[in-house]
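Heads up, the next two complexes both have chain A, just with different partners, chain B and then chain C.
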Partner chain A sequence: MSDPETDGGTAVSEGPDPEPFGGQVGDLYRTVRDHELSVVVGSAVFLLFFPFLLVDGLEVVNGLLGDPGIGGYEGLASLVLIYGIIVVGYNLLLGYTGLLSFGHAAFFGTAAYVTGLVSSTTEISFLGLSATMPGITSPLAMILFGTLFATLLAWPIGFMSIRRSGVYFAVLTLTFGQMLYFFALGPGAGITNGDNGFSDLNVGELFGFINLDGLVPFVGKMEYVFIAVLFLLALTVANRIINSPYGLIFKALGENEQRVEFVGLNVFRYKLMAFVISGSFAGLGGSLFAIHEAFVHPSTALYWIQSGDFVIMTVLGGTGSLVGPVFGAFIFEYISNVISGTTLPVIGQVGSLWRLILGAVFVAIVWVFPRGVYGGLVDIKNFIAGQAVDALRSDESSPPAEPEQGGDD
Partner chain B sequence: MGLLEMEGLTKRFSGLTAVDDVDLTVERGETKAIIGPNGAGKSTTINLITGLLEPTAGHVYYDPPDEAAADIHELRTISDEERSADQQQRLDELRSEYSITGLEPHEVVQTGISKSFQTASIFPGMTARENVQMAALATEHGSFKLNFLRRQSSFDAVDEIATEMLEAVDLLRDAGEEAASLPYGDKRRLEIAIALASEPDLLFMDEPTAGMSPEETQATVDLVERLQQELGLTIVLVEHDMEIIFSIADSIAVLNRGAIIADGTPDEVEGDTDVQEAYLGGVEL
Partner chain C sequence: MVLETAIEILLNGLQQGAIFALLGIGLSVILGTMDFLNLAHGALYLIGGYAGMYFIRETSLSAGYLNSIGVDAIGLGLGFAAAMILVPVFGFIVGLLMERYVAEPFYDRPETDQLLVTFGLALIVQEVIKGMLGGNTFQPTAPTTLFGINVGGPVMLPIIGNYPQWRLYLVGIALFVIGLTYLVIEKTDFGLVVQAGTHDSEMVRMLGIRINRSYSLVFAMGAALAAFAGLIGVSFQTVSPQIGTERALIPAFLVLVVGGAGSVIGAIFGGFVLGITVAGMTVLASQWAQIVLYAVAAGVLLFRPEGLFGSKGVVE
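And then the complex of A and B:
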């Protein structure tokens, strides 16, 4: 690989790429930037400070603006990371492979229910004898079951949907998702508790001794640490996939499917893999969502709007880059959880009108930055770097300095 | 004997017979041109061979041993009704053994048949090197492999093939360029590099010089001749430019309304009155 560009995006970048520094220093910078470890370490450092930035950082901004109620809260960090996991995986499908699925709530929601169900206590009565079966309450085991189930479900749904392309694929995935939604509401209500929602979750201690409700200095609840570690794992796996032959093949599928077929690769199986992998990520997110919320309802877990939200987050943040979609997840969750509690001019109390704000933000961002927030940030960074290079060229005497930069953002 | 044998290859689209009972042989190591007026069925024939279309009837045999090829030659001249039970049995045997009909395009490529398209079919958003690496991946790993947690950079063989092929088409210095930014002639050559990275025995080229300047056309002709000699490729090309065809083709098959009306050396085809009548409207070549 000459230059494994993981943060370039799929769109054609205009003009010469203003790589800030040439020569040995530049090579070193690029080696560090592109190394897997720098992605992991950079993200880990960010995750450590994320709750602080979200709570204390935004509180300062809120105070300066005269307390309009735009400060973050602790649980928001967890929610952003949960949806972040989902959209990082979903992006492999939409941003790289170019497949628009409107049914990923199926994997998210099913995993959430399975996570809850394996942990619930079941009464068994047989021939007059009754016994109580304790559920599996280890958080890791719950997540494993949820994710595994979502992965296994993605297989047949993908198998049947990928045979068709474009709109037909999108509608097929939507249909499968809605079938599961109505199943959970109606015939499946015996298991899912239908419209009343499922709340019989029993989350035990991690490894038998770590209480997820426990407090950790600086970052908040132990649950956040748990979610952040899994987020880091998911991000590392996604980064590895992008830099594996699959990353190249997924991108190629998005660009010219027929050519992929005619270099001798099995297009169907690679598309199915993209679908199943993204289904697993959605499943992991769904499992964590169930643990975080301790409640699963068909309309928040399986309804097609949820699938649409994954699409919005991904496009908003920026398709075709590793971390871009996480920015989308953040903006989405911030608007739906924080801005919804504020009062704005003209519309007054925002409340359920937050989707109006989201829509306006979505249109504005897609208009100004066609490659999403992250793509826009990259463009701005390149522009500034280009200016800096020009400035340095006119001042040859001083050698360029190494910029301070995290691997992912 | 032939590397590729067609036997009664037929394709009908609701009422229209695009390819009509074509028997054709492509010899190993030759450059064969398929010519014919627009709508003669040239592209359809290639699509039938490469698996993009399924034939209504007939078969394509790939790399049969001499003895089998001789039998195919003999049996394909006999119509279905006239064939004896023994002959039919032998034909069924040959079909199950050497027919590539019904395979998916990627399976056809994996058997050793590659194709360059009429329009440069490349991956525009990827670098020239990545374009060729895609094909090299399929050569090295087969049509599917579970290796999504392996680093791409750990596959030296893939990169070696890519370098070699980029060098063969003289694009190595542009390896890091985004394919979309290459001039048209270079895009076509990049596509040839992609097709070559599949390490084919047989290469189909659909109008390899369409839309090219005279200089680019000459460069492409030279390239095709060089590849043919260096790599021992068998090449089948569909082309409109008669000058090119008569300068590089070892044999020419002429299609008209889906049927072969002539098949032979350039000299034979040039002198064929049927060809002049049907294809060139009686005008002397």
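And then the complex of A and C:
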């Protein structure tokens, strides 16, 4: 929505133009900013400092506030990025094509189990058949297997679910996800170890010589670097999709499906691809989650509440923008892991009440801020920039000239 | 032996099915008339269950906020008969408030927003109850006497032997309420408006009928039924904050799917089909019970999207 509306090649700007800078510097700034990769490079720079800000930065804030226990910890950064990958992909489905899935835990959880299983040497059995797992411990291979499996699973589930729309789509994805959950808990316990959870994960060294538990100066564990690199990769792919004609069709589907059909495009195929792509992002996240936690349980991997959490994160952060959902993932994980351990002035010990806080924040966001936290931040930025432009213009006391950056074809 | 199992399945299926049907009717009629999908429908069941427990007996607390400020036990101890009146009334009021303050602002917003806001609301209700009373599981509230009749203890049935007597009564009570609802929808003017609303609400409005008033009534009625289902449910199943989603919301959705949106008879039928399916699978292959339940719903949704009784127009 914040993108400039185009009208057959001419940019139509609405309201005051928030670009105070002119000249060469301003042009350079805009060229850099508008370059597609700038968001990835910017994220990379931020990720370098993210653990530091989260641990040391919040520690300082925590100290200033009299130690209410709001400081972050190292593993949180990895967790935020893992969920970040999932919601960036999920947003392609919800934020762009407008399909609300309540079944993405299926891909997350399946990938987590597959990642764990290929790395173990346990004997699995199902319906009298049994097999010994190969024990492939290369992290990249584990992730590849997990993600591939999730993608292959997303195909048939998407193929069936997309035949229905709206509520019925949501219910169908939910039923498939729940079937997998109950399968992992009951009949499939010979494979998944059921309610006891799967813990036989063996994570080897990356490329045969990098230990993921090793330490890297300043940023912390090597595992974080590994996850951050994959996060950037996922972000780049999602960014490419969004900025491609293909992604434009996703967006068009969300706005008016019928028109897309009238133009002659195969709506079903594009919806299916959006579903499969988001499923493979969830799979990548699930694989990393398994490696990070070294434990997979049906209720944290496959239960529908987990799917609901992806929805909450995405909507909280803001649908329809590349990085918005990542803000949601951060807020969600921060509330569930840090705020839950604090003691607040009115409520007292937060403990398990964190979901209540989250629910309240979520409802408020849906109600008054459908574009999420990120959308709100963008609005505030534009407002301030707009004010600044107005101030500059009145100083120069020149008539508000039309912006020269008009037709960048 | 086979006959024994079959009767047991049928009885258990009727109990479960009656609850599913009560839940499904409300969800289905609300969706059918006002195109509003309520993910907080399970929360109404949860509210009904806890309200029932509160009215019926005194329950001692061992966790939660109330316990931490020194409340050891809550409950009015009015008995089951009083709860049968109070719980639906309470549910009705909650439904009216919910329609006015949650549903109405979202009638014109996209379907996704409706799903999201009610999903958040369900989360809040569940967490408030959990925060207040703790996440403990409480025992069922089965009464021993009702209106002076002894309903507790076992009863001797032919073929299967001893069976908890209350479970038979609860099926009777639930069937009575379901029948009453069916009559209201089929035989009264109000029901006629509601039925017309499921087909074409715009037309009804153009005929000069104040459908908005009927909307709030339908919503409140659905809420009262869900709360009543909660009361019946906790009389033979345990009470915990998760029952709203696990035992109510998801089954209600499956009933909706099987029965078809907007169809009362479909919801009743769908409820019993799913109830007996679950009961049957629980006896025959308990590990697969839930999986089969979902598979039935998915199958109906894929091959007969209008449900077994729904009109074709409701599903896009």
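One rule holds for everything that comes next: the second predicted complex is superposed on the first by the 345 of 409 C-alpha atoms of A that agree within 3 Å, B and C clash if a C-alpha of one lies under 4 Å from a C-alpha of the other, contacts with A are read in each partner's own complex, and residues count from 1 in each chain.
In the analysis below, a contact is a pair of C-beta atoms (placed from the backbone, for glycine too) under 8 Å apart; a residue touches a chain by one contact, two chains touch by 3 or more.
Keep in mind that this is a model prediction, so the values were computed, not measured.
Q: Would you mind checking whether chain B and chain C clash or fit side by side on chain A after the superposition?
A: Partners fit side by side after overlay.
Q: Identify the partner contact of A:W367: answer first if only chain B is touched, second if only chain C is, both if each is, neither if none is.
A: The answer is second: A:W367 touches chain C but not chain B.
Q: After lining up the shared chain so the two structures overlap, which partner does A:G197 touch, if you call chain B first and chain C second: first, second, both or neither?
A: Once the two structures are laid over each other on A, A:G197 reaches no partner at all.
Q: Contact-wise, after the overlay, does A:P245 reach chain B, chain C, both or neither (first, second, both, neither)?
A: So A:P245 only meets chain B here.
Q: When the two structures are overlaid on chain A, which partner does A:F176 contact: first (chain B), second (chain C), both, or neither?
A: It touches chain C, and chain B stays clear.
Q: Using the touch definition from the top, say if A:G57 reaches chain B (first), chain C (second), both or neither.
A: neither
Q: For A:G341, is the partner it touches chain B (first), chain C (second), both, or none of the two (neither)?
A: In the superposed model, A:G341 contacts neither chain B nor chain C.
Q: Thinking of the overlay built on chain A, is A:G376 touched by chain B (first), by chain C (second), by both, or by neither?
A: Once the two structures are laid over each other on A, A:G376 reaches no partner at all.
Q: Could you work out the angle between chain B and chain C as seen from chain A, using CA centres and rounding to the nearest 10 degrees?
A: Rounded to the nearest ten degrees, it is 80.
Q: With both complexes superposed on chain A, which partner does A:G386 reach: first (chain B), second (chain C), both or neither?
A: neither
Q: After superposing the two complexes, find the smallest distance in angstrom between C-alpha atoms of chain B and C-alpha atoms of chain C.
A: Closest C-alpha pair between chain B and chain C: 11 Å.
Q: Flag every residue of chain B that touches chain A in the complex, lowest number first.
A: The contact residues of chain B facing chain A are 50, 104-107, 109-110, 114-115, 117, 121-127, 129-130, 133-135, 137-139, 141, 143-145, 147-153, 155, 158-159, 175-176, 178, 180, 194, 197-198.
Q: Where on chain A does chain C make contact in their complex?
A: 94, 98, 100, 160, 163-168, 170-172, 174-176, 178-179, 182-183, 186-187, 304-305, 308, 311-312, 315, 348, 352-353, 355-356, 358-360, 362-363, 366-367, 370
Q: For a test of understanding, state which residues of chain C touch chain A in their complex under the given definition.
A: Against chain A, chain C makes touches at 31, 37, 68, 105, 110-113, 115-117, 119-121, 123-124, 126-128, 130-131, 135, 245, 250, 253-254, 256-257, 286-288, 290-291, 294-295, 297-298, 301-302, 305, 315-316.
Q: Residue numbers of chain A touching chain B in their complex, please.
A: Those residues of chain A that touch chain B are 1-4, 10-12, 237, 240-241, 243-249, 251-252, 255-256, 258-267, 269-270, 273, 277.
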